[in-house]
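Residue numbering begins at 1 within each chain, and the chains themselves are lettered A, B, C and D in the order written.
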Amino acid sequence: MTSQRFELAIQLRWGDMDSFNHVNNVQVARLFEEARVRALADWFGGPDMRVTVLVARQEIEFASPLAYTLEPATIVAWISRVGTASFDIAATLTDPAGRLCAQVSTTLVSIDSSTGRSAPLTQQAVSVLGDHLGDPLPFRHRS
Amino acid sequence: MTSQRFELAIQLRWGDMDSFNHVNNVQVARLFEEARVRALADWFGGPDMRVTVLVARQEIEFASPLAYTLEPATIVAWISRVGTASFDIAATLTDPAGRLCAQVSTTLVSIDSSTGRSAPLTQQAVSVLGDHLGDPLPFRHRS
Amino acid sequence: MTSQRFELAIQLRWGDMDSFNHVNNVQVARLFEEARVRALADWFGGPDMRVTVLVARQEIEFASPLAYTLEPATIVAWISRVGTASFDIAATLTDPAGRLCAQVSTTLVSIDSSTGRSAPLTQQAVSVLGDHLGDPLPFRHRS
Amino acid sequence: MTSQRFELAIQLRWGDMDSFNHVNNVQVARLFEEARVRALADWFGGPDMRVTVLVARQEIEFASPLAYTLEPATIVAWISRVGTASFDIAATLTDPAGRLCAQVSTTLVSIDSSTGRSAPLTQQAVSVLGDHLGDPLPFRHRS
């Protein structure tokens, strides 16, 4: 049995480039943010029904520069850890030629929106996240 | 005979929103920039073959707030003026329900990339632009 | 008698540049937005007490490219029109050498935050705005 | 003897906020990018003389939300590792009240600008970086 991953064709913008003429590394984080929002909307049934989360941690590795292209790039996202009050989403970004450009792991903390404080994930959220659980990313360059 | 307009399904990003919970007005200019780049790439045969241009002037009118949606918004762009060394691109942005959110007119100046100075549009550029010529936008709120 | 203008030393960011190696024209609108927010905060006594406004219209003219520099650029802003339910803010952006890079006029509409609809400016708002009233910008390139 | 750290008063922008009404986490990476560029410019004697580098890896931990304020936030940056062809810059971001909002470690790879490939750091670069060497950040939430 394999878990279901979320795949997004993400439209690049000319303005994502910086003066090095590639998609800026901060904008790569912007692309990953978009995939995360859409993955959660897909898994939880809509942008308004998604679990309220804050980003607690993010680790990105850049494998090769991403050029601006008219065709979309591809982001594949999945859950790589489910904890008590937090979970990790892993994702990869590949260019239209299929080359890996970056990979990311983001830790999201579940928030009780009435208090703004961290709160345990609901049973339902744990169950939904579990349907999309896959392996953690093999980060190569951690010091 | 009608000129050919360029239509783009533009993907919104959650990060385009500001703290008012709508797509930020500066990001609307970013969306229009993207449509402009893609229209010129389409009309001139690719991102590398496009005429070298700088933005000299821009006028935007905001008709109604654009909400972030998973479905793309639509931008339609056309040429609204062709001059000797500059031209105008007009565009409209509508949300997935077809409601007009913003309209823009942008003046682009032709640049000789070897000198960085303004230069007359080539005959070929004038001809290409002429194929996409339409009416100027009816801006309502000019003071 | 001269009205009081708002002057802001605005810090540029390397990431404001696009692949042309200058501050991107959309980011220039971002810089003007920041000056607008701070001017209103200054005039109305704080970011939380400012009049609730939406951008209805914006006209920008770009005079010369703005290079990224470690020193801040300068934006000067003033009110150029006060209407019944809207007003215009004008502003200029100059680089550290004092060269004019861009000028903008932005129409802001007063909003009743309980209904989200346009509402007349209060007497107090009209009075505050009047203290910063100056001439409209001489836009040169309107078609 | 303590190494010299780089401290930057960084101006926040209203547009850095997202719809959660705090400085967006991707924009926090933008702020750290700015500090990195300015630290290297300071240490290497100007933006044009800085070592040519690409971001290979970045790890950010978010400690508490950063509110938009008219006063600048503070970023302190230092070198946390010097390798053969790469080095790490660590940095912390604190709000005007002195509260830690985020900390980051970024791995930069030295690039030979004529070939675009990774190249050993020069002796001079190693020496300059060594003058700003401090402890690595204690990341708490690595899985």
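Simple rule for what comes next: a contact is a pair of C-beta atoms (placed from the backbone, for glycine too) under 8 Å apart; a residue touches a chain by one contact, two chains touch by 3 or more.
Chains and their UniProt names: A, B, C, D = Thioesterase.
These numbers come from a predicted model, not from an experiment.
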Given the two chain pairs A-D and A-C, which is bridged by the higher number of C-beta pairs in contact? A-D
Rounded to the nearest whole Å, what is the centre-to-centre distance of subunit A and subunit B, using the mean of the C-alpha atoms as each centre? 30
Suppose each chain is reduced to the average of its Cα coordinates; what separation in Å results between subunit A and subunit C? 35
Centroid distance [mean C-alpha coordinates] between subunit D and subunit A, Å: 22
Multi-chain contacts in subunit B: which residues touch at least two other chains? 14-15, 20, 26, 30, 33, 68
What kind of graph do the touching chains make: line, ring, star, complete, other? complete
Would you mind writing out the residues of subunit C in touch with subunit D in their complex? 10-11, 13-15, 30, 33-34, 37-38, 41, 47, 68, 70
Where on subunit B is subunit C touching in the complex? 20, 25-26, 29-30, 33, 54-62, 65, 81, 88, 105, 107, 136, 139, 141-143
Footprint of subunit C on subunit A - complex, ascending: 14-15, 17-21, 24, 26, 68
